[in-house]
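Have a look at these structures, which come just after this line.
Below are two complexes that have chain A in common, paired first with chain B and then with chain C.
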Partner chain A sequence: MSGILASMIDGLLIGSVYGLAAMGLSLIWGVMDVINLTHGAMIALGMFGMYLLFGASAANPYLLLIPVIAAGLVLGMIVYWLSVSWVIDRPQLMSLLSTFAVNMMVIGIGTAIWSTSPYNVNFSLPGITVGAYTFTGNHIAAAISAVVIALLLELFLYRTRAGKAIRAVADNRDAAELMGISSTQVLMVAFAIGIALAAASGALVSTLFPFTILSGASYQLKSFVVTVLAGLGKPFGALVAGVLLGLLEGAVSPFIAVSWIPLIEFGLFVVVLILFPRGIFGRATA
Partner chain B sequence: MMLRRPLFWLILLLAAVFAWLPKHGNNVALREDLILVAVAIILTSNLNLMIGYTGYVNFGHIVFYGLGGYVGLYLMTVRSWHLIPAALTAGVAVSVLALLFGLGILRLRGAYFALATIGVLEAVQAFVSNFESWGRSTGMYVSFESYVPMGGPKHALWLTYFLIIGVMALSLMLSLGIRRSKFGLGLFAIREDEDAAIVLGVNATLYKAIIYSVSAFLPAVAGALMFFKNGMIDPSIAFEYMLSLEGIVMLMLGGQGTVAGSALGAGLYERLRSYLLTSPRLSAFHLVIAGALLLLVIRLAPGGLIGWLYRLVPRSREVIE
Partner chain C sequence: MKRTSLIAFLLSLFFVAGGFAQTITLGFTVSRTGSLNVDSLEQYRGFELWRDTVNAAGGIKAGGKSYKVQFASYDDESNSKRVQQLYTRMILEDKADFLFSPYSSSLTATASIVTEQYEKIMLTTGAAEEKTYKLGNQHLYQMFAPATQYLTVALDALKAKDPKATVAFVYEDASFSVAVVTPAKAYAQQLGFNVVFTEAYAPNTTDFSAIIDKVIASKATVLLGGGHYADGSTLARQLYGHKVPLKMISLLVAPDSPQWAELGDAAVGVIVPSQWEPQSTFKAQYGPSGADFGKAYTAKYNAPPSYESAGGYASGLVLQHAIEQAGGIDTDKVAGALNSTDITTFYGRTKFSTVASEHGLQVGHAIVLAQWQKDKAGKLVKQVIWPLAGKSADLVYPIH
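And now, the complex of A and B:
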């Protein structure tokens, strides 16, 4: 019994990183109604960004999150200009395909550079031992970092003018334009923040598990599940839902093979979409 | 009706050329090239029924091909069925499964459906990798005895080739037939405005589930034939995500929503891909080039090559469907 509990606590820690990844997806989806299919590739780039920075500097990985996030913001603006800016008002099919095309290009370049063999960031913090179980320090530190970044985003969205502008554009772009908000700039900033969050979560994952350039795909699937659990455009809800998903994984993983987990997540995704189209935390009416 | 449409005869001509070219002179290398083009055309033209006709993106179209391969190989190797009934049964089984899946996930609209199809791919792959009877992650092999009723491997491979050409022709005929049918009009209505279509009496959920299931049949048959030809199957080659994605590139390149476009895009892209994969300098970058091509097509010519032709020669619409 205590084994399940330990597994669930570990799931909770990792779940907060899932939540961070999903916040990026949710923000972009909520603000501009674009489903960002570069998400998985950006998570993978975050992993390799951390790998390269750590290899070059051997600095504390949690400090290295700052340059990863900065690089994510710049990359986000480039991707926005390349694949999103011109499809904003076109059918959703187009934005799906255009972000997807960028995803293929990033994965292609990544495969050419790093092949698909696994890498890891060789860093470990001392863990905390409770009875027969040890919670690794990296998992705890990753969870704390994820929650801190999530809180900073929440402060930005609800306590600054720029954050208010993003929320205004998400609510009603035309009305926001009439109030003198330049929506093109706001959309670019929101997209860049979304990508930076994806990169940050990838950087945190790289301190937990070995990874390949294709690893982002499974976190992308988790992000979709978390986003629909939380309901669209609710970044903080995404963090909570991410923790829930982690808990669930922790609860089932002692009993089944890891390779079944995508099946369970996908089942959850479809069931939630059909039963709660506005998310578990969504209101009944819009 | 069908007989008066030029494309009908063009499809027959295409199939005849595909069948005759390698057989004449017994050119096995050419046969192997053409079989890849034929499979690309089968996958793309059936994907077109979803993306082009109905406006629903299916990122996991390869699931049908892979599952068809698995069911077919299972029947041939474990149950020692003949190739043809095994391939047909694989098609029917996968179609029925798609219909059941479809009635569930097609209640999701637009982008949500697209996301669910990524999930279908992941879930089916996870299932097959854990399924005891299908050899888990090591997959299944075709034993030598399976070739005996067909007169040995050499004859069996030619037979498989002709069958795949037949499936290719049927795929294009299917697209052509649906295009001018009442059912096809219902699909186009869903693509243009699903709510309006429902108000006008189109049973959207049923139509979508049917087309999802129909688009599964021939790819599953092709999968059974193709994996028999290859002699083996395992989860990573059966559900190759990249092939699923490249199908979308082929379709957009040729022109989504048109029969000729799906064939043209598949043929051109498949040749380009073979060239890139065999070129030592470019092989690592073939995904990058595919992605850039897709981005350029949707940016500059959302109608693809056929859409471009329509704009250049408006009258071509009546001939090239």
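And now, the complex of A and C:
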């Protein structure tokens, strides 16, 4: 196997986790027109949620995703009522500031509890070796988990009444309300799902790399790139765009120093904004 | 007569009380949080054990007085901005008489700007990069052997074992690691090694997959580099997880920590250039023996000392020795005593350069190499493998 192919497979595996992280941001942005700046903090809480649950139970981390997602849903509802519901119809800057404030609070409390020292979830699955290259079991399992969660979300949005209500509110909130849909509840559910997705991606990242309470910030930045690449309100598109971003990282890293990759990613961010302002998968709003 | 006796008694009480009241304030920051916390905490424990030992013995005795040691210490969060603020605070508000450095070359470089500005003596430990000592500083004294020695020693050991090895350098893009790797790479080429891959990574890197793929593609048989604990331990875990077929791995700093054993099989075979190891057998002219230091440290912290801990304790010893030689805590006199210091403690020889262009640079101390090996019971232990004259075990090569 060539080094480039191995690097692209590694990129594909981690890219699916980027995609999952971006799905939550994309959903909230698309449905509510809110840029959720708590996203990175919620990813970090997902990491620590997994760390605490794994430490307490030593259960399989991929089973522990279920309580992490459940806790993410509850936390999402709380954050929605505390910081978003009051500013939902006001200028976008208000929700930006409001979610940023929650982000700072979570980071502050998290730093007080866990400091900024690195933590690990000490769990490893056997990998697959092809020639000189080994793909770790944790990366493969994280990628599969991310795709499964994304498919479940897609099924929820397109096959359930609640999911259809979310899409209806995203398309036209006034019309949806005229059809008897409570937009307040729908917005809360959409926000909670977005937070749960962020927490789930953080939980998966914690099985791959060491993390601190500040680690969510880099995934939040990647989520912005992926969301812009996919187009707003396209959660499954975000997964695909995340995989594409990972593949891009994998394809270029054999030729340049890894520390240059963020420059390429944010260059792509600017290029896509200029050439495809609605993202490569479609329209500006869902 | 009674009155005279009473006055004499009260006066003597005053002087005795005055003697007890003499304290020396030592200022330093500790990275209690952030990426440097593991190594920094171990350095702090060395300071702390020395202070407790000195104070239990009645303090530092110099010029007919006894000085108890007290610390003014803060968490720098592994952040150079905090270091700048806190060293100023310790000098101006806490009135620190002397300073110890924070942990790491980059934080020390920041601290030294402040201490030099106020003409305060700072003994640096955990700060091996030479550059800081070549800027004309007059009050800075380095306890660690300079950075250039770290990997050149590993290359000497490799040359003796496998002169045809192909070498990859993968290292943290930070001042210390760059200062180590730049001369080591030149030295590797001088020794005739084929350097097939070199890449620096950002200090907060957690995903080494792309770099590891490049190391495999380069067909390197030996990897040298690393940086500090957080990145070094992650790199070692991921090298093991990706089953990279390396015959030798030598990483900076991280594998010296007793915590390294928590990596399990990923820890096996990894080599660390070390400032000191518990097996070192220096005959101490001053202070405790290595065995006594190790025993006291393990009793207090329930863990074996690392070289950061030993460096911390030795910094205290060297300052204590200089204060005793100076007969007090006057900065100029203590600086003079440090300039003429040439002593061997349990930590090894300590001598500072007095050449104007590199004042305070460590010229007496030398690096040893240690390797994590499994003992007969399968337990992970660190063995000294270089220099050969002082080895406690043979180098395991190749690792697997």
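Miscellaneous remarks
Note that in this section the second predicted complex is superposed on the first by the 281 of 286 C-alpha atoms of A that agree within 3 Å, B and C clash if a C-alpha of one lies under 4 Å from a C-alpha of the other, contacts with A are read in each partner's own complex, and residues count from 1 in each chain.
Criterion: contacts are C-beta pairs under 8 Å (C-beta built on N, C-alpha and C of every residue); 3 or more make two chains touch, one makes a residue touch a chain.
Fair warning: this is a prediction, and the values are worked out from it, not measured in the lab.
Overlay on chain A: chain B and chain C fit together in the combined arrangement. Once chain A of one complex is fitted onto chain A of the other, the partner contacts of A:257 extend to both chain B and chain C.
Using the contact criterion defined above for the overlaid structures, shared-chain residue A:3 touches chain C, although it does not reach chain B. When the two structures are aligned on the shared chain, A:116 is found in touch with chain C, with no touch to chain B.
By the document's definition of touching, of the two partners only chain C reaches A:124; chain B does not. In the superposition on chain A, no contact is made by A:201 with either chain B or chain C. The angle formed at chain A by the C-alpha centres of chain B and chain C is 60 degrees to the nearest 10.
In the superposition on chain A, A:136 makes contact with chain C only, not with chain B.
In the superposed model, A:215 makes contact with chain C only, not with chain B.
Closest approach of chain B to chain C, taken over C-alpha atoms in the A-based superposition, is 5 Å. Taken together, the two structures place residues 111, 257, 259, 261 of chain A in contact with chain B in one case and with chain C in the other.
Those residues of chain B lying in contact with chain A across their complex are 51, 55, 57, 59, 104-105, 107-108, 110-112, 114-116, 118-120, 122-123, 125-127, 129-130, 241, 245, 248, 252, 284-292, 294-295, 298-299, 302. The residues of chain A lying in touch with chain B in their complex are 35, 82-83, 86-87, 92-94, 96-98, 100-105, 107-109, 111-112, 217-218, 221, 224, 228, 257, 259-263, 265-267, 269-270, 273-274. Looking at the complex, you find that chain A touches chain C at residues 2-3, 6-7, 10-11, 14, 111, 115-118, 124, 127, 129, 132-134, 136, 138-139, 208-211, 215, 249-250, 253-254, 257-259, 261.
Against chain A, the residues of chain C that register as touching in their complex are 32-35, 37-38, 77-78, 173, 199-202, 205-207, 209-211, 213-214, 216-217, 230, 233-234, 241-243, 245.
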